[in-house]
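The following pair of complexes shares a single chain, chain A, combined with chain B in the former and chain C in the latter.
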Partner chain A sequence: MRDTIVIGAGLSGLMGALALADAGRRPLVLAKGQGAMQWAAGTIDVWGAANGSLRAALGELITTDPGHPYARAGAAGVEAAIDRFRALMESARYPYVGSLERNVLLPTALGALRPAAFFPATMAAGDMRLGGAAHAGPPLLLAGFHELRDFFPPMAAENLTGQGIPARGVYLTLPPIARRLDFNTRVFAQLFDDPAFREDVGRQLRAARGDATRIGLPAVLGLRDPLGAVAHLQALSGAQIFEIPTLPPSVPGMRLFTIFREAIVKAGGRLQIGAEVLRGEGADGALTAVYSAAAAREQTHRANLFLLATGGVAGGGVRTDHTGSTWETALGLPLQAPGGRGEWFAPRFLNEAGHPIYRAGIATNPQLQPLDAAGAVVYRNVAVSGAALAGSDPIRERCYSGMALATGWRAGQILSSEL
Partner chain B sequence: MTHDHIELSLEQSLDHCIKCNICTAACPVSAVTDLFPGPKYVGPQGQRFRMPGQPSPDESVDYCSGCRVCNEVCPTGVRVMELNTRAKAAIVEQNGLPLRAWLLGYQYWFGKLACGPLAPLANFGASNPLLRTVVERTVKIGRKAPLPKFSTYSFRSWFKQRTKSQASKTAAVPDGSQSTAPGSRKQVVYFHGCSTNYYEPHVGQAAVEVLERNGFEVIVAKQGCCGLPLLSNGAFKQARSHHEYNVEQLLPYAQRGIPIIGTSTSCTLTIKEEASELLGMHETAVRMVAENTYDIFEFLRLLHDRGELNTDFKPVQRSMPYHAPCQLRAHNLGRPALDILELVPGLQLSESTAACCGLAGTYGYKAEKYQIAMDVGAGLFDFVRASGSDTAVCDSEICRWQIAHGSGLEVKHPIEILREAYG
Partner chain C sequence: MRTIDTDVLVIGGGATGVGVLRDLALRGIRAALVEKGDLTHGTTGRYHGLLHSGGRYVVKDKQSASECAVENEILRRIMPHCLEDTGGFFVVTPADDEAYVPLFLKGCQETGVSVHEIAVREALRREPLLNPRISRAFEVRDGSADSFLATHSNAEDAVRHGAQVLTYHVVTGLERTGDRVTGAVCEDMRSGETVHIHTSYIVNAAGAWAGKIAELAGVKVTVVPGKGTMVAMNHRVLNTVVNRCKPPADGDIIVPIHTVAVIGTTDVHVPDPDVFGIEAWEVERMLSEGEQLVPGISKARVLRAWAGVRPLYKDQDVADDRDIPRTYKLLDHEARDGVKGMISMVGGKWTTYRMMAQEATDAVAAKLGIQAECRTHLEPLPIPAGAERKAGLYWLGKPLAAIEADSSYGHLICECELVTRERVVDAITSGKAANIDDIRRDTRLGMGPCQGGFCTYRAAALWHELKPATPPANDPPHGHAGNSVALLRHFLQERWKGLTVIAWGDQLRQARLDEIIYLDTLGLDLLPAPAPAEQNGAEMVTAHPAIATEYHAA
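== the complex of A and B ==
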């Protein structure tokens, strides 16, 4: 019934679906479950390994490593994808800031510093390069709640201080209206949607602030209007407020998913979450149908165009077993991977060159069409994007989400206009 | 206990849990009440404390509504809802079936008694606040929970009448069943379920007419309750005999390749998967009936895929909110009703993103869970009210009653809308 199918609802599949919807297609997105989005920080890491300009680093990478997923997207493609992503977030009143000029350093829940290129405006005041090189400004305040597991402001503050960024951590008292037995990040996000809850927290922050001009809180400041929540807390506390990503489930990830879903559905697309693709069927070099798990029998989906964005091992798109063999789960595409387990890893854990297994994935041609071991196109009407692609080491390069966006966008465009 | 492969896959699915809590963040029940700690805790985590032959360590698992939102979002495929339902059954096995679960599980008996001429009297009783208060005090069935109204005629009686008036044309079909539109080559069996029979015969009438418009002879086979209310209350032994009966009745059709079609997403899910999975029934006959059973819009969509759907639709100039019930989502078929209804010119359906209406089978009927169910459904009621429409659309009967109760709108089965579009 729908002539375009996207497999995978992570950042890459959703970005691809958006590109397809923009081009007037009405994609059906099939996914086994939520993508890695709810596990991740919600920042867009384009090239965390870069010290200076990301734009320059990408330019160099694209010329020297044409097999890298970023090279498939192209320099203009990367920029276009980011522009489209930012426009979408802007229209949803959840703007992203940052640039390809340089990475900023954002604190993690443990007080480590993490490079990111683009990040929600709600995290902006957390840029640890602000306040001068010697961090001459007053100490930061980090605040949290005992009730929120895995977020320890004193510990994070101590770690920051140890890195030359003076900080102080405090616990706030949960307002009585919010008493519950158990809390998770979503429960807190719902509480922060309530202005009365924010009033109480804001007053406590003002009292605890001292001379701090910036206050870091866990990234749970609302699901409905986080930007408004941050502004409200700033007005109440008299300091700049920024969000610090938490451990999963990630509230910034939930926001992203909701914004994408609404845009895709509004453009006539549809999402079917819970639909694991088990296999595909092709004829004459083209994929004609995919089959998803359903009650009592598989569901058949016929279409003309397919985007495969099933992620890597974490997303469930790539599996391995004890024999060391690896395979792609949805269509059974051949993987470009080290032969046996013995070849997966380099000798040292923190090896300069990274571990061969991390570069594993589906090999493609410049049109992102999947290739077999002999280099021939497997299905001409399929494009592959995101963590499922071979040829990069996203952990070492810190480029997972940037690459997912750029290749998802590019794959959507290739499918809608070039294949 | 037999260690069939389902059992094994359930046990293994427990080990797939990476404790990310994505399910807990999505569970609509734990979002509104402290009485339920959430899927991760009572599901894969709690399972580690459940030992065969040992007393059940569970209390809170009873607050799982069975909506399956957790299964849908889990990135690693843990089947939390099945773990929970089995844990509930272990409690029933240990403590016996409470009177209330018995009443809710065997609700179709009320239908048998009250549907027809006695309906006005029964409806008076069901809507009488004094009586409902007594019922709440004694058996703890929520005083305000949305009990459906008994119909003054049953679907089967309507169908029989209709068949009689077409008597000269009636074809012979296996005993106990009736059929329409004889002479047609194509046959389907209609599984109406209890609610269509006793409360909403108009849904069945619309289904029969739509199927006939597509050239099918409709057979209404002998059938009993699918047993879902028993299953969800942990009464596994009783549910098994219901499923066995239905399989026996439906098997001859399945063997002849005649599709079995239902308008109740919960009945069809029970026949397709729920009964066999939860009860560990994997005989060939059970599987054959399951594989031949379809949700009506799933069936119509398959017809459309083959270019065989009658798409001679009149424009329907309406915009309405639509909610995909949990029981439909568990079929894992996407949104077949939306796929078909978008073929109707002028018709605009906007889909809710609410996780659940709250009622979840018989959950919201229980006095201590009534408010939880209303709180879970609040987002959906708001969405439906904000649409400005006077009618909402939903495939499942229980959800329709709950949405109507919570929002004040009239709620229809999508097949009624499609029937309208055929003019």
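== the complex of A and C ==
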């Protein structure tokens, strides 16, 4: 029997499992699939709305909105989680850079400037604050491939230009070694693992770069050694290379998943993907077992401690139906959610305040233990983390990954030392 | 100001209007058509896609039933590429009264609707998800129809024969000289330009909007807009059209069309064809009634809901809108109202559009003293260019077979509906599309399970790369790329309108994934603030109230 079970293999669950492993436990991670991190950009977004110091913004948020998941993690918890995350990435030769002093602005595949606190070093040269506020530097070059349907450089370049950042978008020719019928981001990442492929692309970049000193490419520059791939392309092209996140599936997300999985397994933990937890069983206010749907039969998993990190609506932890019901999928925990379906949405898709249904989640006490409507703890040996928590719309607040790391880390620590 | 001279002006770019235009053109009559939106932008593009056998009307609306039965066979001959021969069942579920059966069979016999009973076991063998408790099953010649493709095929053939098609042109006035209508004043909604159309004759084929057009000529035509709400299910739960064997009512039919199955429909009187939304009860009624036909369907994933307005023509007092006949009516305003130079063709069904067009064109030809005979029932419609393999009736695996034959998997812009780069490029460069929603009507882009999650970004980018960088008249603030961003915002908003009433379960999850894509990964909301008008999508075509329906939040 494992002493700890983590339900969910997204960023939050894996960060929680890492914290548990660090504390000497050997967590079992049960998950339906590989988690939502492969849908996201791969940056660590702490708080999108912060204009200046992220530390200050977090401090203010924790004071003014004590029900926010960040308040559960605490300011120190956020910093500790990020430090641990960065140490892990550093050790895997996939370093993250950035700071809590302020957000950087990274170009998107649409040419918008999105804020991020920490980001893989492979994206670092994309910081649009480089070269001064007036962006007086030489124009950027954005390059892609017609065969990659999830990245269109000309539109992104023109949107950047429209915001005062001169940029050009070009398409490269797929090297002959790469003749295939269909391409996706993962296939491209595997191609970029091949030095011969990079040689060809690098030569094309040198020919296309003109006076550009920085070149943006889709974030598909290898699965095995992306930093090495970037260095190689820089040497070949004579310009700084940076990655721009693409539509899902996200290669930076794949890299994160692999790094976490290896670290957790190395520390004695285990990941069981394809094991969707469907219900739990408890006694005397404690959860004793969970049941997962395996290929041929139901499996029982017993443990002393549980971390629930199944996500919100996107991750699959919060489910809804046509009657307007909402429920938590793994353990049937009480949810905090808007009323009937009439209250779920705003009329505009891009409504600034977001859509109320996406704030649905589990209410917890400061120990991240799940609470019922009356405020009583449902299971004393369960902690909740990530987008399954109520009180936030992490996509609108641009803290999806930061909040996942911070609460996952905090939940893992609480489970290993305080409960 | 522009001036156009033509012999006949057709108002309305739905099935009837383009049908009339083609008929006129084939008879060698100079004709132009104006449509305030894109072709099929009104009712034609918002119906459930049923090719009627006539079976639905055999009891209460015998004339309509006969018309459908006749036209069904003609359409199979002239536009097979737009039709799928799904076949149709009328089934008696435990909730239905068997006493209707003899009435139904007698009606079929009287109206020439082909029908024969099959064993329940045989019906269940062919449709395993059908309610096993049905007591009887009757087979008819129902099918499903791609009304977008059919309309485009008609328009293309009309243009090939010399007709003009002016989309995004709204009629703002009709000109009268004495007791004769002599022309129309239109606004080109993309440029704001005024266009005068001088014509000898006008055919009002504006469907649910026919009353509004007639009013411009000082003539009263009472069209009752009957709103019908439909929901599309994620799967083709059935491959046969299945009807309840009972008098028509809400949610009594499921139509398999392309990759989805559509449950239809409600019938709700609305005061104005431009102002309506979808109510939660309508969606719930579709799902609960759908349970009678396919048990468990209400738990399945719903992709989208939409509504169209029927152009029901009311010429006497009828208590219930469902009792208004579904047949059509030709109104000769000279005989009826003493106003020369205009007829209105009102009512009818998509299935009978060609017959309506023939009758309208016969009337116009007679007025103009032209002898040419109708040929639309004889000459097949052209198949859109570069798609010979589309010949013959459509079948579900056909698009995939074409993709496989071409090895064009790597060129899919919309994976859900198998729309290739080539087809999107064609739709953009043809010059007729004003926005991504128009591309959708040409290609089905964005109509599958992900509802535009992936393909909207790709389509906007292709638009950006293909369209010459001419700033539109209303001058969006960020130049050319600003325009493709506006297109993107507009289409996502269009999709959102049809999602909010059915977003739960997996479809809600899908909508949240769209937020991850467009907000988290792409930062669409971070691009410089759009003009207030664009937030509602108005910039894409017009803020003109005549097509404002598109931009009302449901």
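Note that in this section the second predicted complex is superposed on the first by the 406 of 419 C-alpha atoms of A that agree within 3 Å, B and C clash if a C-alpha of one lies under 4 Å from a C-alpha of the other, contacts with A are read in each partner's own complex, and residues count from 1 in each chain.
Convention: contacts are C-beta pairs under 8 Å (C-beta built on N, C-alpha and C of every residue); 3 or more make two chains touch, one makes a residue touch a chain.
Computed from a predicted structure; not experimentally measured.
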Contacts of A:G33 with chain B and chain C, given as first, second, both or neither: first
Chain B versus chain C as contact partner of A:R261, first or second or both or neither: first
First (chain B), second (chain C), both or neither touched by A:V187: first
Touching partner for A:G316 - first (chain B), second (chain C), both, neither: both
Comparison of chain B and chain C by chain A residues contacted: C
Touching both chain C and chain B, counted on chain A across the two superposed complexes: 36, 39, 180-182, 248, 316
Contact set on chain A toward chain C in their complex: 36, 39-41, 45, 108-114, 147, 149-150, 152, 154-155, 158-159, 161-163, 180-183, 245-248, 250, 312-314, 316, 319-322, 324, 341-342, 344-345, 347-350, 352, 357-358, 395-396, 398, 400
Touching residues (chain side chain C, partner chain A) in the complex: 280, 283-284, 287, 298-299, 302, 407, 409-410, 412-413, 421, 454, 457-458, 460-462, 464-465, 478-482, 484-485, 488-489, 492-493, 495-496, 500, 502-505, 508-509, 512-513, 515-517, 519-528, 535, 553-554
Complex contacts: residues of chain A adjacent to chain B: 1, 28, 32-36, 38-39, 180-182, 184-187, 190, 248-249, 254, 258, 261, 265, 270, 272-276, 292-297, 299-300, 302, 315-316
Chain A contact footprint on chain B (complex, rising order): 20-22, 24-26, 30-31, 34, 37-38, 71-77, 269, 272-273, 290-291, 293, 301, 304-305, 329-335, 338-339, 351, 353
